[in-house]
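Okay, structure first, notes after.
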Amino acid sequence: IKPKSMKLSEWITLNVGGKYFTTSRSTLTSKEPTSMLARMFANNEDDYLFIPSNMDSKGAYLIDRSPTYFEPILNYLRSGHLIYDSNVNPEGILQEAKFFGIDSIIPQLENLRVQKKTDVPLT
Amino acid sequence: IKPKSMKLSEWITLNVGGKYFTTSRSTLTSKEPTSMLARMFANNEDDYLFIPSNMDSKGAYLIDRSPTYFEPILNYLRSGHLIYDSNVNPEGILQEAKFFGIDSIIPQLENLRVQKKTDVPLT
Amino acid sequence: IKPKSMKLSEWITLNVGGKYFTTSRSTLTSKEPTSMLARMFANNEDDYLFIPSNMDSKGAYLIDRSPTYFEPILNYLRSGHLIYDSNVNPEGILQEAKFFGIDSIIPQLENLRVQKKTDVPLT
Amino acid sequence: IKPKSMKLSEWITLNVGGKYFTTSRSTLTSKEPTSMLARMFANNEDDYLFIPSNMDSKGAYLIDRSPTYFEPILNYLRSGHLIYDSNVNPEGILQEAKFFGIDSIIPQLENLRVQKKTDVPLT
Amino acid sequence: IKPKSMKLSEWITLNVGGKYFTTSRSTLTSKEPTSMLARMFANNEDDYLFIPSNMDSKGAYLIDRSPTYFEPILNYLRSGHLIYDSNVNPEGILQEAKFFGIDSIIPQLENLRVQKKTDVPLT
């Protein structure tokens, strides 16, 4: 198997709310090609829905969202698995999945919300 | 829908107690326009209540408050949802909401305090 | 009300054990003026007990203590409230309160220790 | 005993998804010499399976994976012990162990998954 | 009392696995003078067991170990108290105490391991 990090892909740094994430264009665009996130970084200009966001002084793309909850989203795009630590609130991941249009994990996250509501009042 | 990060808005970096947050002027000013935070960064000079705080050597606005508890406040202004991880103390968020004048989440946070008081003695 | 960050005060960066904290001289000196921390940064030279500690190459004052447990101490000086997350060990905050001479929170923290000792053997 | 950090080894900095890790070539290659990770950084060019990944502007090797779950993997290669904090999801470590080919800890991590499945539905 | 940070001591920055820690030579050498860590940074050249490790481009001493579990070790050398947060795995601290030769806290940490083993299967 050829690992992702070895692909001849362009490296991209995102400044999500002040925290830096380094990833490849293929990670952002391959898994869910029709998502807003994928279309922000699409190789093919015809696929663009939006112009890319501004860059900061270090050349990182600025995204005005929560870095905490973006992290599991990005890991999902990297590994194909939605995994998060026990202290992380899945409600936060759900909001980011909706914002970036990562539709494939939304049902799973909404399911968790339903389960929790039966236990304790949600924040 | 047009995502926030695509808005033609000015990017602002805050140095909150030593930690950097990057966001847009519209995030800081749109959701609660009469809050102290919004008025610190208001576009219209007539709306200013205060002169903006000092800047550090990297051009970030200095704010002498807790970064830990400012983070969910900023995420609320970004996404419209108050979300925080299970290990975060909501009492800390409440103090920041009061300081910055983000009135719309104060009742919800004070409610949590009441609920907790019935369970365990508060710190 | 006039927020702290708006005060005409001098900004100070501390390098506590390798982590940077940005705050104002007034935060460090106003709340507990007779504490060791306040006297390290006192405006009035007559109040000095000690010469200030060394500075690092970025102009931050070097303090050889734990950043994790200094953080709630600094937040207390900022907001007047002692607040910490559920995973943070209050024993660590107590040691820093004693080291820096922040006497007003010591009884509260020692009380917590007594309560805990009745439950589980302390580390 | 001669500590690892004293070995005449080459220091390597990895940029894993935006977070920096500093380690030595011997740590990456000695413990599991046939793993993909070891072969990425093998001293002997004959052992290369892949060309090393790209470098960022600071000279760090770019790896497009989760820094959170890479950390216990690297600590395992350093100390020979798989140790992680109570809030960390072992499922995430398992995915990275599989990706990097650190086979010796996979059974232990898969075992944990089985145990958990009997308790609570897995994410 | 004269605080540690006021001692006429040399400041030292350690790069432990990619994370920076700032401390003084006296903190590293006074508490446990015969430990490997103390001897790495001993003032008296006769006490050297090892030559100091390499430095990175910022002048920090490179140590190829886990930063997470080094932190409570360093705090112990600073304050004389072994304190860690509830989510931190004491098994990790034990491994670092053994590696750096901080013998005075090893029995306490091994004791914790014994206690835990009676409760739940150890990782």
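A, B, C, D and E are the chain letters, set down in written order, and residue numbers restart from 1 in every chain.
Basically, a residue touches a chain if its C-beta (ideal position, glycine included) is under 8 Å from a C-beta of that chain, and two chains touch if they have at least 3 such contacts.
All values derive from a computational prediction rather than experimental measurement.
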Problem - Smallest number of contact steps required from subunit B to reach subunit D - result: 2
Completion exercise
Here subunit B maps onto subunit C under a C-alpha rotation whose angle in degrees, rounded to the nearest 5, is 70
Exercise for the section: Indicate the whole-number Å distance between the mean C-alpha point of subunit A and the mean C-alpha point of subunit B. Expected result: 23
Exercise for the section: Provide the C-alpha centroid distance between subunit C and subunit D, rounded to the nearest whole angstrom. Expected result: 37
Fill in the blank from the handout: So subunit D residues touching two or more other chains come to 86-87
Practice task
Indicate which of the five shapes (line, ring, star, complete, other) describes how the chains touch one another.
Solution key: ring
Completion exercise
In ring order, beginning with subunit B and continuing through subunit C, the chains are B, C, E, D, A
Handout entry: Touching residues (chain side subunit C, partner subunit E) in the complex
Key = 15, 17-18, 36, 50-51, 53-54, 56, 62-66, 68-69, 86-89, 91-92, 95, 99, 123
Completion exercise
Within their complex, subunit D touches subunit E through residues 2-6, 11, 13, 19-24, 27, 71, 74-75, 78-79, 81-87, 90, 108, 112
